[in-house]
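Next come two complexes built around subunit A: one with subunit B, the other with subunit C.
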Partner chain A sequence: MFALQLLFNAIVLGAAYALVALGFVLVLNATGAVNFSQGDLVMVGGYAGLALFTWYPAPGILLLPLVLLGMAALGLLVALTAYFPLRRRPPETVFISTIAIGIILQNGANLLFGPEPKRAPALLGEGEIRVGTLVFGLQSIAIVAVAAGLIAGLHILFSHTQFGRRLRATAQDREVASAIGIPVDFMVAATFAVGVALAGVAGLLLARGFFVTPTDGANYMLKAYVAVTIGGWGSIPGAVVGAGLIALFEVVYPALPALFPALVPALDGLPLFSQNASVIVLDALILLILVFRPQGILGAATKARA
Partner chain B sequence: MKRRADAILLLAVVCYGAYAFATGSSYTLRVFSVAGIYALMAIGYQFIFGQAGALALSQGTFLGIGAYTSGILALRFGLPFDAALPFSVGLPVLLALLVAVPVLHLRTHYFALATLIVGQMALLVATEWQDLTGGANGLGGIDGISLAGFLIRPGWPLAAAVWSAVALGGSLAAWLTRGRAGHAYAVLRDHPAAAAAIGLDAARLRLFAFLLSAAFAGFAGSIYVHVIRVISPDVLGFPLMVTCLTIVMIGGRFGIAGAIAGAVLVIELPEWFRPLRQYYLLAYGVILLAVVIAAPGGLIGALRLLLPDRRDPLPPAAIPLSLPAIARASDASDALLDIAGLSRRFGGVRALDGVSLTVRAGEVLGLIGPNGSGKTTLLDCVTGLAAPDHGHIRLAGIDITGLRADRVAHAGIARTFQNVALVDAMTALDSVAIARPGRDLATARGEAMTLLDRVGAADIAMHPCGGLAGGSRRRVEIARALALQPRLLLLDEPAAGLNETEQADLARRLRDLSRDGMAMLVIEHDMAFLARLVDRMACLDGGRLIAEGSPAAVRGDARVIEAYLGSKGHSSRPPQPMGAGIAVRRPILSVHALEVRYGDLVALHGIDLDIQPGQAVALLGANGAGKTTLMKAIIGLLPPAAGDIRFDGASIATLSPSRRARKGIGYCPEGRRVFPGLSVTENLAVACWGSAAQRQHKINEMFAMFPALAARRHSPAWQLSGGEQQMLAIGRSLMNAPRLLLLDEPSLGLSPRLTDEVIDRIPGIVATGTAVLLAEQNATRALGVCDTAYVLVGGVVTAHGPAAELATSDDVRAAFLGV
Partner chain C sequence: MKRIAAACLLLAAFAHEANAVEITIPVLVPLTGFLATEGASQRNGAILAMTTPPAGVSVTYDVSDTGVSPEVAVNALERAAGEAPLAIVAPMLGTQMLAMLPVALEYKTPLLTISGTAAITRQGNPYVFRFFPDDATTKTAQVRYALESKGVKRPAVIYQTTAYGQSGHAEILKALKRAGIPPVYEEALDVSVKDMTPVLAKARAAGADALLLHLHSGPSALLLKAAASGGYRLPIIAGSGLSQPSAVDLLEPSELADVCAETSSSPISAETPAMRSFLDAYRRRFNADPDGFAVAQYDGVGMALEAVAKGATTPAALTQALASTSYAGLAMTYRSDGHGDMAHSAVIICYDGKTRIPTVVAHYTNDAPD
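Coming up: the complex of A and B.
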């Protein structure tokens, strides 16, 4: 039963991470560049939900479309300031320009909302559903539903609309895409809008249970980066799987002593399964993956770009 | 001082320092000391981020580890600052070594991630290991800096000590990157393949830079902890790394003056604007973004542009150097380079298929073959840039198969590149001198003069390579290859971009080298150039050796002619003269006096070309003649330097490619380039700009035209065979019902049967009213389906007229195989 509960918790967390990683990999594929502000944009999404709620106290689910639109507009702004002026420079230039965007967002949030942790509105409400000893929080269910809905929506967009197919074509070969009539600059800007909107929604979803502080960005950024690396650089399904694996590890590893009480005496009070220790172990695993399987654990990356 | 810009920046820092000391304010001096610590960290960061060009995000971590080491040793073991230095510098270096060996060779984003993760781990360990580090609260009560048992007082003595360390570190860094070492890093950054080809060990250079970065950061950290006198996990946080990155971006990635001035600015600015203190972090971000966009070279880059270096006016005296290194005594019939059964596959394509070839001592062998025949792959296998799947390569009897590129260079094989790989900012002299191994700078420069003189480029020795004309660049690159005193020189298209006179001169100079005993393997498309130069010739086609022998014999070989001009094919038809009325109609495409350049290399000289509606026009020429360049210029992927392109009467020369495509130009690129991850249907769909119904109609039309595609409509395009991909690419270019179709080398890499299948579609396309411009190497087949043809040689139209006439004239054969 406890294992099932952990699995559910991992799915909830993984669903939110998957949105962040998807936004990261979409921009990566369209531009060949790492958007290092993706994590900070998650944080902005959380504050956007909070600000909207203060202005008009409606349930999060009603504010979500506004967050989506606002963050898409912010994505266009990021593209205009940190990508388009630099697109003919080496890709690491965009890495640095988006670090700058991250600093601006982080300190802007600090000025507007202060450094204390804040809480975004719940999507539906505070209730929970109990099945035996299993607890399904209403917020958790809503997170999975919203993330699943968005991922399904993305799938429809990319596979069943001309616009989405052209976004993919642009990501795969920008030169040829332009030569068959696709306005590639517009498509790249649109990709930023979609990618950043996904980060923003993830922020709204996470900022209830995990609160939001201006310095949250680095953490989410690293998760997206790692998810995309272990899922295979540039692979869209890989990003979702990578995000799921990270969430699974984060939920299950600290719970190992609870899952296997026989471990506890052997630990002898050592904090091997604390939150921080779990991050250290995860980091070490990722380094091992980078060393031994730089193409990711799902096999060959679809299309390697610098 | 040669670098005036650097001198001015350093002077500004010295002035500010004098002001800080003059105030005598302990606070001002303390801030100035902190700026000095950041300057040391940034000077170190310039090694990995500047010189080696790798985005490491661990510089802050190294500083933090140095600080913790020194602090803990002081508190727990009573070790003073100086006694702890071996550990506080050594530990970050050791960590850098552990990180670098497995991941430094990875691509930028993986290396950046690995360094980021190491930083996070260090931060968490410092927070968790409370017994040692004091956990999140950190440790206090650390002594000031003491040297040889003498404690340095806070205030001006401390500031003076810190800045002495900066001066020391800065001098060391300047000394380490001056002259040859700096040049080596410049080549490594801009042209990694060229760096390996002149024998530079890229992995070692990068590792050295990374370890130096860590050492400087560790040193800065140990000073930091004794100046601030408390330590907490903050020194391991990412914000410190961001500050370091900001300093180096603002100051400049190169030049210690930039790092120092950047550090003083970034640390002092918030102090000057104290009332705006809460905004300064925000301003950091805005300034960093502005600098990245507007001044990529930072302060120092901008100043160097304003105040360029005074150039050394006089080249050094030449120091003699023999070429080749060892006087040739061996029998000329000996095999110097012996290639046996060499094979290399890329995916499903056999780029090389059991090639055996010999270059004898002292001979010049010309290697020819149509586009995609495997010539450059052969060169890459020999020089270690690619590993063969099968076969052996021996140099003077020693097996060099699979040897790393820099080792092949040391073994005695030098090469040039198809696209000249020189560092723009370096002088011609230094570009050559860097390839002289084991010399001091003065000797290497003297010898480089001899080499430049040998290739006829002594007069431009002191010019930066970026400003040189194409011909001079080729010469400098050849001189650089000669600097290795190779036994075998490999030249990849040395005559490309040279005019007649330059070609004749280069051929004569290479001939002289060969007379002195230098063996050469020359890839070239210009037959006239080769005829002057080579002893023997070999021809590759489809990865196989199809002919070898005297130049005359190879050029007269039936298989060679077929490889270049194509076979007749089964359905060759007599060209059909077009109706007389068409000629007076307004041309659908009219190219007038078009010139296209790649930098200073003119690829197309004043091209004039007209296509009538519904006409099929062949564009013939050897590889490198400018066919693809013309195609790309028409669709808009390359900007014209001069001239005009008119489509249906209106100029399109300034429109974007997508606007041109939407006006009714279909483009089927060389090498097919279908969207690999899109299905067959999707590849077609994205190119149609009509309604959903029209789209479906067009897709069905394409499936009727290419039934093979219909069967695979749901497969992703990367799974298709080469022939199917070509059909898909043609189908995609027809989806928007174009009035003009640009078809670039549709037969490339296809079997003769598939070539026929593709080429035979063209009359059907023309019959629907679409005009076609067909660029083809397979001249015979192209002329069979086209009405008129243009022949391109070296970016100039040398002949044009009705296809039937050209098919029987010598112009076409001359264009491919020389007269």
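Coming up: the complex of A and C.
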């Protein structure tokens, strides 16, 4: 039963991380540039939910569409300020400009909300469903449901709509897309809107159970980068797989001695399954992937990595 | 007649202002990064003391953010010390303090800090004055309360990987060793760890009968939340991170049931009338609740200002006064132990599971309870 509980916890965390990684990879594909402010945009999503709740104390699920819209608008602003004016410069310029955006967001949040950890509103409420010793919090269930809904929605958008096909064409080759009449700039701007909206929703989902502080962004950015590296640079399914793997390493790997008590005497006090060790093992795995399968688990072999 | 009296009063006020000793005490604290919450408390405590100085003292101050890197802190100190201030409120982050000590020695400027890192007063530097009990004092109080009042026999120790966490961890182990009780489980957590279920499960699997925490405020709240929802009903004696009202606000009162924490003082518990006045003034000024860090820095600056009012108007005289006199502050009576450690008391606060206001359940002065 404990294994199921851990698996559920990992799915919850992985679902939220997947949204962060998806937003990251969408912008990466559309522009070829790494949006280093993605983590800070997650943080902004958490604060957006908190601010909306202060203004109108409704359940988070009702505030969610407003967060989506607001963050999409912020995505357009990021595109207009940090990408479009610099897109003909070397790629490093956009890296730097998005880092600058992240620093502005971080310090802005510190000024507006203060440095203390804060909680965003619960999506459905504080209750929980208990099945034997298993505990399924309503917030956790809502996180999985919302993330699954958004990932399914993205799949439909990209696979079954003309707009999605244009987005994909833009992501694959901007010059050819432009030559066949696709409004590339509009598509890139729309991608920024979608990618940042996903980050914002992830922020709202995470900021209830795991709180939000102005400095959270770097950690989420790192997770997005690692997820995309593991899953496959530029691969949308790969981003989801990578996010899930990170969550498994955070939740399940360190709990292995509790799951399998027979391991404990064999370890003889060695902290092979500590939280720190899980980070070391995950990063060692990344090194192995970079060496032996640089395109990642589901990535195409020809993609270039920033 | 009334006009003449009013004019006399006005003249007296002007004369008083004109005769006031004017001093500068820059405030260098971490306002961004993982210690921003605690740093804001430190800043607020210093500001509150400086805006209510003793008669005859006028204070000016600038606040600088030191972040969490030693380089930024050292640069801020170089800038501030170059303007010949009387003293400097120095950051609570131990790694920053260790880097700043040589600069303070060079400029011969006293540093007023609340860093708990034990090593900062063990460098032979006469210019460092710590107004928060060091980890040896607070962790001894934490361990003694766990063993003596809770009857803990098989503690698990969970701490942060930061310098703050390592320092507290070492002192917890020393205190447990003195009592002859080894921990059954230990784990260091990075500040980015989100899911606390694995660490709780491993502590339980190891047979722990209580958790001794030394975590920052956010991770403390995360762990308590996970413990409550997962049904890990072990007694928890936390570090001072959990004494902060901003951390407690993240939790429901029921999630705080059977939870205690060590700290230097608990202003929100308002044990004395003077602490109640401080609490009211702090709330009026900052629209927030103070914690033990704010009180400690308030007391530290208060001691310096009192020394100035008594004639210690140069850095050398102030250093001498801080090293050789005592001061009855809000939290305790402060006096140097010869190394610059001014605070020698800690308290244990406990939550009842019904409110977020803790009760002070024990006072410890060095190794003996009051």
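A few comments on the model shown:
In this text, the second predicted complex is superposed on the first by the 275 of 306 C-alpha atoms of A that agree within 3 Å, B and C clash if a C-alpha of one lies under 4 Å from a C-alpha of the other, contacts with A are read in each partner's own complex, and residues count from 1 in each chain.
Quick note on the criterion: a residue touches a chain if its C-beta (ideal position, glycine included) is under 8 Å from a C-beta of that chain, and two chains touch if they have at least 3 such contacts.
Remember, it's a predicted structure, so these values are computed and weren't measured experimentally.
Legend: residue contacts after superposition of the two complexes on their common chain; A:Gly209 is shown touching subunit C, with no touch to subunit B.
In the superposed three-chain model, the partner touching more residues of subunit A is B, compared with the other of subunit B and subunit C. Applying the stated contact rule after C-alpha superposition, one finds that A:Arg119 touches subunit C and leaves subunit B untouched.
Once the two complexes are overlaid on the shared chain, A:Leu290 sits against subunit B while remaining clear of subunit C. By the touch criterion defined above, A:Leu6 lies against subunit C but remains apart from subunit B after alignment on the C-alpha atoms of chain A.
Using the contact criterion defined above for the overlaid structures, shared-chain residue A:Val135 touches subunit C, although it does not reach subunit B. In the superposition on chain A, A:Asn107 makes contact with both subunit B and subunit C.
By the touch criterion stated above, A:Val251 is placed in contact with subunit C alone, subunit B being left untouched.
In the superposition on chain A, contact of A:Val279 is made with both subunit B and subunit C.
Shared-chain residue A:Pro261: touches subunit C; no touch with subunit B.
Shared interface residues of subunit A (contacting subunit B in one complex, subunit C in the other): 106-107, 110, 271, 274, 276, 279.
The part of subunit B that touches subunit A in the complex is made up of residues 55, 102-103, 106-110, 112-114, 116-118, 120-121, 124-125, 127-128, 238, 242, 245, 249, 278-279, 281-282, 284-286, 288-289, 292-293, 296, 635-637, 656-658, 661-662, 666-667, 669, 673, 675-678, 682-683, 685-687, 689, 695, 732-733, 735-736. Listing the residues of subunit C that touch subunit A in their complex gives 31-34, 36-37, 39-40, 161, 187-190, 192-195, 197-199, 201-202, 204-205, 217-218, 221-222, 225, 229-231, 246-247, 250, 252.
Touching subunit C in their complex are the following residues of subunit A: 2, 5-6, 9-10, 13, 106-107, 110, 114-119, 126, 128, 133, 135, 137, 206, 209-211, 213-215, 219, 250-252, 254-255, 257-258, 261, 264, 271, 274-276, 279.
Taken in their complex, subunit A has these residues touching subunit B: 34, 81-82, 85-86, 89, 91-93, 95-97, 99-108, 110-111, 162, 165-166, 168-169, 172-173, 175-184, 218, 222, 225-226, 229, 233, 271, 274, 276-277, 279-280, 283-284, 286-287, 290-291, 294, 302-304, 306.
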